[in-house]
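Chains: A, B, C and D, in written order; residue numbering restarts at 1 for each.
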Amino acid sequence: MAAKQAVAVIAGVGPGTGAAIAKKFASLYDVVLLARTPASYESTAKEINDAGGSAIGFSADVQDEASVKNAFEEMTKKFPEKPLAAAIFNVGGAFYRKPFLELDSQMFKTGFETSALGAFIFAQAAIPHLLKAVDQSPAHPPSLFFTGATAALKGGPQMECFSPGKFAQRSLSQSLAKEFGPAGIHVSHLVVDGLIDTKKTKGWMKDAPEDSKISPDAIAETYWALHQQPRTTWTWEIDIRPYVEKW
Amino acid sequence: MAAKQAVAVIAGVGPGTGAAIAKKFASLYDVVLLARTPASYESTAKEINDAGGSAIGFSADVQDEASVKNAFEEMTKKFPEKPLAAAIFNVGGAFYRKPFLELDSQMFKTGFETSALGAFIFAQAAIPHLLKAVDQSPAHPPSLFFTGATAALKGGPQMECFSPGKFAQRSLSQSLAKEFGPAGIHVSHLVVDGLIDTKKTKGWMKDAPEDSKISPDAIAETYWALHQQPRTTWTWEIDIRPYVEKW
Amino acid sequence: MAAKQAVAVIAGVGPGTGAAIAKKFASLYDVVLLARTPASYESTAKEINDAGGSAIGFSADVQDEASVKNAFEEMTKKFPEKPLAAAIFNVGGAFYRKPFLELDSQMFKTGFETSALGAFIFAQAAIPHLLKAVDQSPAHPPSLFFTGATAALKGGPQMECFSPGKFAQRSLSQSLAKEFGPAGIHVSHLVVDGLIDTKKTKGWMKDAPEDSKISPDAIAETYWALHQQPRTTWTWEIDIRPYVEKW
Amino acid sequence: MAAKQAVAVIAGVGPGTGAAIAKKFASLYDVVLLARTPASYESTAKEINDAGGSAIGFSADVQDEASVKNAFEEMTKKFPEKPLAAAIFNVGGAFYRKPFLELDSQMFKTGFETSALGAFIFAQAAIPHLLKAVDQSPAHPPSLFFTGATAALKGGPQMECFSPGKFAQRSLSQSLAKEFGPAGIHVSHLVVDGLIDTKKTKGWMKDAPEDSKISPDAIAETYWALHQQPRTTWTWEIDIRPYVEKW
């Protein structure tokens, strides 16, 4: 495979969406994988490298400014001359679903910090690189994408420690789209509405048709389609769901 | 070019978005162009045919049930064995912007009938064909797409004869997505938010950067990206705007 | 009861919400009731007059410009000196719920014309009177209120001939709020989300708690609360639903 | 004035909205004022008591679980037999508006903790009392109201440390409405969209009409109108803005 001209960084690369996005973006870029532990990124990195792509993982906790800063410095050392073409925040967020009076403020903080504070810290680390990339005439506009969920659009019962962080992340992505769009960074929020087809969900929804779970590879294609949009023609928000989903 | 396996029909193919969508979908399909007068589709049809694609135009008034029915019958006669892979409603709608008290109920009806009644009639003609296509294992799920506008999401002053029709069309597309999604038809509403770069708008917004108008070809790429989504992973709504747009 | 200083006109006054609103507004105003047939307004008018209030009904078809114009002229003749304090559009709309392919374009037109065209014609007749009232220092700002429904906010399966008209009416009310708010007219859209407690719905939802239907009198109180807002502090949209409603 | 039958607690009672709400609710209830420092609640408490009402303030930091718990215990000691009729979260939130790259993660946390964590902690303290009140047949359904802002509905440039907390608070209020509505608690989110007329904003917007700022007393009337709604007929969300506001 030809040497890559630019880099893509993906935070949150467990099996499923993150890995699929990484593989898709590896078709054009060196990919940098961020996860709390090497166990989360090693197999994806190996798979990409084995297929002739270029991937490297760094351990980073997105809720910890120093940790994220450090990972971006490692990235710069590793790829000193290459522009950052895409930064994708795909961290799932702590999922608590319980009666409200059984939740506690620590769960609320954790829910918020994974989804929203993590997105904030990641965006602050990525944006200076993406701004620099704007002037380097990349193949596609530098992109900052956030993986959202149904819970980013409506709150349901017992979702008080999950939805607020997702709402906050969506808000953040909208502010960033409006602030950095005119500067040339493509900010998008992708709402994944439904169950994703992963190893973990294999046994779930046995009575539904076989193809009623969202395909991680097809999600990755949608991220890639948005990334390819020229800046005359950008999308901020898109919803993604299986054909059988009620909404 | 290889013979096409399926057909795409596009209503509303003046210069700009409609023509660009037609050309894009012509890469895989025979395209059928509907417009009120041949003058609106002839140059696009010629351009596609000259480039080795296959296009044919039929005159049809989307507000007239008999006229649309007739055009679909012509289509079936012309391509008797081929599934309908995509039906795209891209009719611009009558645009009235005046102080409310200077508008009249005829303008209101016209605004509504172009945007909403036309979409209804087009959908009723297309859906039986799209349903049949579901069983014919097409390359991509049969798609029914509607071109929307900012005015589909919010009403502004003096927009009383334009926005309501666009709201109604968006509502229609949502109902159809929920009713026919489970049956295998991919229904989407694409919100074009900003000025499109066409001959007509050439001189407009002279003080803005050169690339501050939406590219019809890039819009067409986005339609194509949605059309390619497998049914595990569909989008109902997407916004499209230039990087400098305030929103 | 003291002589009234101003007039309120209500279109759509069958039993239920319309009658309740009329009775509430009769506490301060002469009320004018519009309905297609006297049978629809007679009992409410009688009830108000018997209770010492002042009510008069005029037959009018809101989809017919001449008919509405005529009713407003009758109103002016009857109350030549009095400002119009409130105009309330509460016409229910034709409700079709069927599989899309069993609907026809005439139903679509009818659905649209009752909800949206009727609202347009009513607003055009009322606004000149409301603008005049602004300068007459009424007790409360002249108000133009529209009764909306869940279907104004989201489309569902088989709602293709009902939701679009409601979306369109909501759009109209938003444009009018933005155009005439600065001129001193308070435009609101009230979303009634749930079953209203009327004679007709008496037997429905037998398994639900007794108080699980919306109270027409409580709806009327909410309309009245909005009408009382000073122009420093207006509401455009409000949702109204019973405590047990899922949403 | 007659002895009060129930209690209302208001968090965030600086001059302006909080004080106006407290005074309005004091017409029927003993009011408990929560603020970080006595300086914030003393003058409002005095004003209510001097007018023959009943008000008491407790110092509490809504971001601190122990502090809020303690204040609610004080409340219970002070009014041991009385149901809690209303709990209103009116804490303004830390307002940062700066270019994103000049913000830091501590500001993001603070913005979130004031608006969202504070609301969570307050709701957890209030809901057990409100649930108990449901069975005590109060004059009006026990209410839990949140003061929101435009920034709860859309993110703007440079609002990355303010909007996310407001989005999160709105999400929380929606989840709570859906979880505790069926149990009899009326949860509402009131979107204040515009400049409020307070001492602080006196000099602002000098070129606008005199009545172009939102009246705190009229806001309080709107809160009161929602509080009076019977549970057949509740509102979750309402917008409040001056007639001249662009939106």
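Throughout what follows, a contact is a pair of C-beta atoms (placed from the backbone, for glycine too) under 8 Å apart; a residue touches a chain by one contact, two chains touch by 3 or more.
A quick note: this is a predicted structure, and the numbers were derived from the prediction, not measured.
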Rounded to the nearest 5 degrees, the rotation mapping the CA atoms of subunit B onto those of subunit C is 180
Distance between the CA centroids of subunit A and subunit D (whole Å) is 35
Between subunit A and subunit B, the Cα-mean centres are separated in Å by 31
Averaging C-alpha coordinates per chain, one finds the centres of subunit A and subunit C separated by a number of Å equal to 46
Expected list for subunit D, residues touching two or more other chains, is 178
Contact graph of the chains (line, ring, star, complete, other): ring
Every chain pair meeting the touch definition is listed as A-B, A-D, B-C, C-D
Per the touch rule above, subunit B residues touching subunit C in the complex are 65, 99-101, 103-105, 108-109, 112, 116-117, 120-121, 123-124, 127-128, 151, 154-160, 163-176, 178-180
Listed in rising order, the residues of subunit D that touch subunit C in the complex are 141, 178, 181-182, 184, 186, 197, 211-215, 218-219, 221-222, 225, 228-247
